[in-house]
Amino acid sequence: MIRRAALWGAMLLVLAWSLGPFLWQGLTSLKPTGELSRLPPILPTAPTLDHYRGVFEGRPFARYLLNSAAVAGGTTLLALAVGSLAAFALARLPVPGRRLILGLFLSITMFPPIATVSPLYLGVRALGLRDTLFALIVVDTTFALPLAVWVLTGFFREIPEDLHRAARVDGCTPFQAFRRVHLPLAAPGLFATGILVFIAAWNELLFALTFTATDRSRTVPVALALFPGLHEVPWGEIAAASVIVTIPLVVLVLLFQRRIVSGLLSGAVK
Amino acid sequence: MTEVRVEGVTRRFGNVEALRGVDLTIASGEFLSLVGSSGCGKSTLLHVIAGLERASEGTVRFDGVDVSALSPRERDVAVVFQTYALYPHMSVFDNLGFPLRMSRVPREELRRRVRETAELLRIDDLLSRRPRELSGGQRQRVALGRAIVRRPRVFLFDEPLSNLDARLRLETRAELKRLHEQLRTTFIYVTHDQTEAMTLSQRLAVLRAGEVLQVGTPEEVYRRPADTFVATFVGSPPMNLIPARLDGGRLAVGGVELPAGGLPPSFRGDVLIGLRPEDLALRPGPGEPAMPATVTLVEPLGPESYVHLDFAGHALVARVGPDVPVRAGERLRVSLGLGAASLFDPETGRRLQT
Amino acid sequence: MRPVLAREERAGPAFVTPALALIAGVALVPMLGAFWLSLHREMPVFRISRFVGLDNFAFLLRDPRFLKSLGNTAYLTFLGVAIETALGLGLALLLHRSFPGRGLARAALLVPWAVPTVVSGRLWEWILNPSYGILNHVLGTDLNWLGHPSLAIHAVLLADVWKTTPFAALLLLAGLQVVPRDLLQAARVDGAGAARTFFHVTLPFLRPALLVVLLFRTLDSFRIFDVVYVLTGGGPANTTETLSVYAYKLTFSTLDFGYGSAVAAVTFLCVLGLSLVYVRLLVGRRA
């Protein structure tokens, strides 16, 4: 009995620890500006949506959301396309130097992003791609590839080898076998990987900061980072913006918790 | 109707040789089995013939044409896998029709051929189901159907019955034999079960450690095994092997001397005598040369019994009919049936007489 | 051997090429470019561009700001990873049992990991606010968590650990599932208490997962940038400046591309060294 209670207590503690800060941010976002600088009250006495309105006024926040969606979506599609093809080949086709290639992918994850930023910045500027979403998508995809390939290779390996043999005997070229047999069967893995890549691309800050210059291509993390005005820090609006950005991610996590976990684990348990 | 010729095929994985200079000819329309215990290379050989793996050395010819560089599709072979390898995300109909789709067979013809094959194998009522909804026997038939629907030049089977229970295995075995008689296509069949190989094939090839030890009809392989491995692998209970010494016309076995009737008189030296259990006769008539032995164990099987004997320190197994009363511990005389015996070199294990 | 390569053998390399091309062009080449830049005095704004060999690295070793950032990074990394792993282990043990709502608990646990670092940065910034922050309110203090030189780095540690613990917890949870149940039962039958069971049965099986967690988190943590940039920007008085933040400032504020790349290059070498140590540990254990 006591153990049960202790367990539940611990569980509540975990929930408070994980979600508490968000709750606080949510409450903050609903407090009228006057109340922000006073504590207590903990709860807003006269909840208001002013801050939410404020988020969209004075800056094209909707545009930022769209940009983020475009970057995250584009990265996910590109990473899945390129990554699944590579992962399939590494899992099922003869590839000379397979270990070396996998090792190379792994070593990319060790690069400090800051090291590649300046050369990339110079390159992007030279190509005239500064302040475009395209450059960001390509870069985000590249750095998402190691994770995508590692996770997807695991999923492709689980498809029995005899199925590939059967496909070959039935007359499939490697690409046909990939498209008609392996890809459909690896769908859960693709989905899990896609979610992981989407989240990573959505949250990416450094490259977005470096490659975007104007509101035209700015993404949400950059906008949030650059929020403070010169004099007064609009805490209410920051809170509201945070909530706006958090909610879709929370929904995503709630819905796909199992897939996310399976994706993470598949990649890590080598 | 294709003759398959394997010439000097060697297959290496790093330092390991899975196949060693294999030469084998399978006649057009023949049913030939590749038998051996696991790891002997039989599946590897099948894969090389299919085009799923490339030989490190040697060639494979279909009707004299070198197909070594061709893909499985280009060789026009069909494979039935031990695991069936049915596409889980496709219906039975789509599984059967898949190879035809890949060959761009027009839709009407595809539908017709799939239906015909499904009817032939009695799975036409399962066409809309998914593989996971089928029983093991049904899956096996779909796997068969996927091969048949293609009308290939050669059928390759990789232990297709291993995953079935005993009764289904017997039924399917009979069906496979009938299928071969009907289709008259070249069948190459891999199995570790020598009974299967003996009952199904017109000829069998016994493999061990990547080498073909013997190729012949079931009768040949059974009656005149090429070495001790083949001798003990084929036939159940296995052939009895006793060390003996042959000198002139006399045979010395376990301290007892016998007239070596039926054995080559000119041979002189140590041998291994191979005797099939059914060639041993218990309590033979007075004229037959016989030896004393003790019964150690009797295994009654119904239509026959296996009698384990101790003969001068050697363990023998004899096969006797149901009407021979024997008890453990009994001492009796055994006739060795030397007329049908095989002689092997005790060092190399190879057969000595022709 | 064979004059004609089979389709399968050609397809493999072909399928891997797009990914390799991206990796080579967008990651590998720039990384090499960074090494190249680090050997130069490169300040485009002032039109300075000349080869200086290892001068940048020599300067680096005597640069107090570099050494301080190295210290900050080491502190955040090693202490952070230790805390994350311990907390993660506790969480994993907790979530290991199945109970109603476990999925929900896991989802809740994942949320800090899933949100952008900016969001969590802003979150903690607000909580740690000296005047209006709830932490000071609850503790009854009025400490300037992010503004005080001796407090800031610990505040950053707190925010970082909060965000990254879920990852460690998840991996350790997976590791726990490998522990064979019958061994645990045998231990219970033998009368071992919870602590002893943990140390003698669970922990040995958990070792590979633990090392993986330590490896990945250490490598990640050493390159920490986002959370520091948002919370403190490296201040106050560079007390929270990590290697990546210093490199960033050198490149984009001071516009000293050469030296900035040198700092980044050293960061990479440290990460490489650490990973080799861990791999040796992993492989050593397995053997």
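Each chain gets a letter, A, B and C, in the order it is written, and its residues are counted from 1.
FYI, a residue touches a chain if its C-beta (ideal position, glycine included) is under 8 Å from a C-beta of that chain, and two chains touch if they have at least 3 such contacts.
Owing to the predicted nature of the structure, the values given are computational and were not obtained by experimental measurement.
Contact topology of the protein chains: fully connected, every pair of chains touching.
Between the interfaces A-B and B-C, more contacting C-beta pairs are found at A-B.
Rounded to a whole number, the gap between the C-alpha centres of chain A and chain C is 16 angstrom.
One simple way to say how far apart two chains are is to compare their mean CA positions; for chain A and chain B this gives 57 Å. Remark: chain B and chain C have CA centroids separated by 59 Å (rounded to whole angstrom). In chain B, 71 are the positions where the chain touches two or more neighbouring chains simultaneously. Listed for chain A are residues 168, each touching two or more other chains. For chain C, the set of residues that touch two or more other chains comprises 7-8. Taken together, the chain C residues at the contact with chain A in this complex read 7-9, 11-16, 18-20, 22-23, 25-31, 33-34, 37, 91, 94, 97, 99, 103-112, 114-124, 126-127, 129, 131-132, 134, 137, 162, 166-167, 170-171, 174-175, 209, 212, 216, 219, 222-223, 225-226, 229-230, 243-244, 247-248, 251-252, 257, 260-261, 264-265, 267-268, 271-272, 275.
Interface of chain B with chain A (complex): residues 47, 50, 52, 71-73, 77-79, 81-83, 85-89, 98-99, 102-103, 146, 150. The residues of chain A lying in touch with chain C in their complex are 7, 10-11, 14-15, 17-19, 21-22, 24-25, 28, 36-40, 42, 82-83, 85-86, 88-90, 93-96, 101, 104-105, 108-120, 122-123, 138-139, 141-143, 145-146, 149, 168, 173-175, 178, 199, 202-203, 205-206, 210, 220-221, 224-225, 227, 235, 238-239, 242, 245-246, 249-250, 252-254, 257-258, 260-261, 264-265, 268-270. Residues of chain C that touch chain B in their complex: 1-4, 6-8. Across the complex, chain B meets chain C through its residues 54, 56, 68-69, 71.
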